[in-house]
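The following pair of complexes shares a single chain, subunit A, combined with subunit B in the former and subunit C in the latter.
Moving on to the complex of A and B:
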């Protein structure tokens, strides 16, 4: 889309604030990830700092990428396209900006509390009760703003992107509250095995009902514009949307295939993990057919490039995920770095790439000027792509080494020296992602604030 | 059809689906899961509960699982997890990664002094470890953490802890009775058959080189770089790690060393290595200790059987 540069200024302080939020926390989050990766190589380097030791840094990293980087990035695009698609203004920019500030406050309080050791010890649900409340509040505020915007729409038909945003925001507010057991503020947990079932129902919904629908929403919006093709099929969008909601919510127990939870629940999780092919392929066929014959346009457009690449990662992560849900496979892949590889291609390769693409799509519109540097955006694209590909290869390899060695009767300790080298390689690949994050931050800040470009 | 996707339809539809699913995959199992305590269950003491809080606050759960699977071999692989093991856990700490070992049956695997040294710096007892040091928590917190860790496995752990306490007393008494008495006591704990066996394999350069590697990866933090028992962990371990150099002329056979390394010396910090080192590796490290620290080798001496096929 060559005329990308020539966009009239569309002031949208909310979308702008969410862009900056995302770019900033992306840099912080990768720094934390890199630091954590360093501890796995040299545990005595910078050791004994209570606030930063691996056990605290890891949840900081994960919460930051989820709630600091990816979600706000995807929401930034949503705050832009929901008014556009409904041909109206955002319900309240003031509320939107306030939400962005509250969002940053929430993230900051969250990571400070984690680094101080306030944690509920449940993966993806670590944040303590007061922070949980803030999270639910910010999701509610986002929801109110977007729903009210749609309420005042001048376009009768709701485009598929809006369905996804609605589902993501409303359902996440609900599952977040449920999954964090907010009615038990002390522990934020249930007792025994039911706690595990609830935790992973919620944990998987963070990917399935938050990151995935928000990402799909962005892709559904941007790809037709960039390729100037109409959406291939509305039937497929309907199928993809409803089947995503039905199927994705059932599969949390595939995280618990090897622990004593009821067998029927495992069967449901496995069957539906395979059935995930339906919503995944409904979306991908729809988007890929929309883009058919227009790869040149996609390549020429930085946003299209990020987002299309994200859809390819979506394909990989989902196929991989369905395979990982098979008990026979999971014997090898569970408990080790294979899963960490899957997590990174999902959250960064798929959702993170699309978030970056969405931001690059709206930035020129928010500033009314072309990107500060297309070159830097391309550089970021390649750094992130190389980094994440490296992660997949390295972490999958090391996961196979660990999983097969354990299966063969070797102890965890015996395998440690074998995997050391791979941890070093992972750190190196991480350097690429880290550089990408900082370059992106610089580029976005320059685009919005110190942009020498001519206003169109 | 697209026209029917009004905001109300989307939101209500989504919430309706979510509610139905929550009923099926959350509420239904919650009301039907069997919460009967398992046969090893017991309640946690106040100190153990405090230790568990530290375990949560310091993110041990990101590296340690607490759930043994049917096909596991490592730590605690003698008991497969049951739902009834977790009925007092809020939150449940199953974990999703084994960057470290499974801890569900950790109680009584080691005596307390091993854990204290290990928490202060894991490299001291486990030279290749990548676990973070937790010295910054302070001694009182490490003590509480140790109480929690020693309770993992509940009644099964208590049984192992009694065994540790019993042998801790015996080994301490022997140690305090002087070098002579201690070495005698240590030797007498080894079945006679093992004591009579010399190392059946030659102490070749290759065997010694491999033995050195194993020593550096498994033993050096306690027994020290020169085998005098002055490794980094030494100040925290009692009875302290054995000084190998005192063993010279005291009738130590390769078989005895093998047995001690294989089974460990329960009650002392000396761990068992049979899950980690296969037969040849134990003979090799034994050769290494005997050659370099004890300075007294019985490798390949009489009574010897038929030479192994691979020997030069």
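Moving on to the complex of A and C:
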């Protein structure tokens, strides 16, 4: 099996720091998620502790999964493969490690300020101005390090993964600043409907122009290696990249179909949401053809297994997303747990799974030793997979119950007792993910620091 | 009148993308596509070409089965939702 074979040691303190960051915050973030799920079952549990009320825990959970767990995990892999694909060294390991420290500082200040009640109250843009500035700064530092690395490249042509990383880092630094209205430090917002449009332009870009390209970059790098097949088509991958840029950048208004925004913007958003089929299928056809006939090999390699599963979730989340952008469908699915189900299969099933796969791919190289325990990694895989599948089934069911009830004019409080049971089930599915996160943290720390394995 | 700003923003994005596209064209980024397919495979540090055991293959098929079941659920939900809207 992959993990018992020899791995050459490739010291990369930056990738190592980002791996640890991701594994640590994954555990904290799921704990916050579980806590929040507890409130949905028993709203007054912990009633007197202001810092841990649902309204504060929810943004803590969401910001932690986005900026604590998934993004650093995907960046860890990028810090490994960008130098390799350009046949050069990372521009500055010192800058990289400094960025990782700053990253952790940003995340910590972010959650402490949220739990103290400092929030700008806009979804995915809750963080207050000083933290916003830190976020922009860390993305800029990551950008500088990677751009300088590519600038000194010895491989003239850029592999598709590099295009994706650049799109993610550079565009996020820009859209984050714009979406958080950083020129208005006091509110971090415009007024009224224009603010909603701007917010969702930005909010959607967090999934579409940060998590998605970073995840695709990792998959395009790891799947050919794990299967020992060349990429099915590099031209197709570039086509997918450019069509993603064209289509994904202005579909944010599909979050606002029930809002009085100009109709033309809604039409652009809906048409582009359907057109997302093009970049999505360009990627999936490419990866699945690359992996053709090697399903067994993929499952024998823990990194391949996580990443391939992530691509399957990508298929589901995207098909579901295109359908959810149809106004007829959204009349039922909006404002209820259906969307929360979609969010979890997207951010955890797709991007989170690929982040974990990317980290398992590089960990043995960073330590020069096999993974501490392949069994624990497999266990984590199954726990996360079972948990996320449970989330999808449970939350989709609740969403349909809520959506249809409200659509039929039923009052909210009469629906709540009906869905109580599902919230209990969601919490139990969450326990699987939570255990997976802690097991993963243990396995990664043991692999990097207390690994009895023999160095190659 | 706020949407001129959004149009300006979209245009700016479009122009920057075009600029990068032209840079890529002029710097041969779309040439040599055949060789690029092999680029990740230069990473020899990964002890790969792992032979799959029977269990791994079984696991793969199990996943495929699950994915098909998921697809059928998606189709069913779509069908019932749209059916309500006939």
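In this section, the second predicted complex is superposed on the first by the 451 of 456 C-alpha atoms of A that agree within 3 Å, B and C clash if a C-alpha of one lies under 4 Å from a C-alpha of the other, contacts with A are read in each partner's own complex, and residues count from 1 in each chain.
Everything below uses one rule, namely that a contact is a pair of C-beta atoms (placed from the backbone, for glycine too) under 8 Å apart; a residue touches a chain by one contact, two chains touch by 3 or more.
Given the structure is predicted, the values throughout are model-derived calculations rather than measurements.
**Q** Putting subunit B and subunit C on the same copy of subunit A, do they fit or clash?
**A** Subunit B/subunit C on subunit A - steric clash.
**Q** Output check: A:242 vs subunit B and subunit C. Expected answer is one of first, second, both, neither. What do you get?
**A** After superposing on A, A:242 lies in contact with both subunit B and subunit C.
**Q** Is subunit A touched at more residues by subunit B or by subunit C?
**A** If we count touched residues of subunit A for both partners, the winner is B.
**Q** Is A:49 touching the first partner subunit B, the second partner subunit C, both, or neither of them?
**A** first
**Q** For A:340, is the partner it touches subunit B (first), subunit C (second), both, or none of the two (neither)?
**A** The first partner, subunit B, only.
**Q** Should A:59 be classified as contacting the first partner (subunit B), the second (subunit C), both, or neither?
**A** After superposing on A, A:59 lies in contact with subunit B but is clear of subunit C.
**Q** With both complexes overlaid on chain A, does A:319 touch subunit B (first), subunit C (second), both or neither?
**A** second
**Q** Let me test your reading of the model: by the given contact rule, A:431 touches which partner, first (subunit B), second (subunit C), both or neither?
**A** Neither subunit B nor subunit C is touched by A:431.
**Q** Would you sort A:39 into first (subunit B), second (subunit C), both or neither based on which partner it touches?
**A** first
**Q** Determine, under the contact definition given at the top, whether A:85 touches first (subunit B), second (subunit C), both, or neither.
**A** Once the two structures are laid over each other on A, A:85 reaches subunit C alone.
**Q** In the superposed arrangement, does A:224 touch subunit B (first), subunit C (second), both or neither?
**A** Once the two structures are laid over each other on A, A:224 reaches subunit C alone.
**Q** Need the overlap of the two footprints on subunit A, from subunit B and from subunit C, as residue ranges.
**A** 156-158, 178, 194, 197, 201, 234-235, 238, 242, 245-246, 249-250, 262, 265
**Q** What residues on subunit C touch subunit A, complex-wise?
**A** Touching subunit A from subunit C are residues 2-3, 5-6, 9-10, 13, 17, 21, 27-43, 45-53, 56-57, 59-61, 63-64, 66-67, 70-71, 74, 77-78, 81-82, 84-85.
**Q** So in the complex, the part of subunit B that touches subunit A is made up of which residues?
**A** 1-3, 5-7, 10-11, 13-15, 17-18, 21-22, 24-26, 29-30, 32-33, 35, 55-63, 65, 67, 69, 71-75, 81-83, 86-101, 121-123, 126, 128-137, 217, 275-276
**Q** With touch defined as at the start, can you tell me which subunit A residues reach subunit B in the complex?
**A** Within the complex, subunit A touches subunit B at residues 39-41, 43-44, 47-50, 53-56, 58-59, 117-123, 147, 150-151, 156-158, 162-163, 166-167, 170-171, 174-175, 178, 187-199, 201, 209, 234-235, 238, 242, 245-246, 249-250, 252-253, 255-256, 258-262, 265, 268, 331, 335-336, 339-340, 402, 406-407, 409-414, 416-417.
**Q** Write out the stretch or stretches of subunit A touching subunit C in their complex.
**A** Checking each residue of subunit A against subunit C gives 1-2, 5-8, 10, 81, 84-85, 87, 155-161, 178, 194, 197, 201, 220-222, 224-226, 228, 230-235, 238, 242, 245-246, 249-250, 262, 265, 294-301, 305, 309, 312, 315-316, 319-320, 323, 328-329, 332-333, 361, 365, 389, 392, 396, 400.
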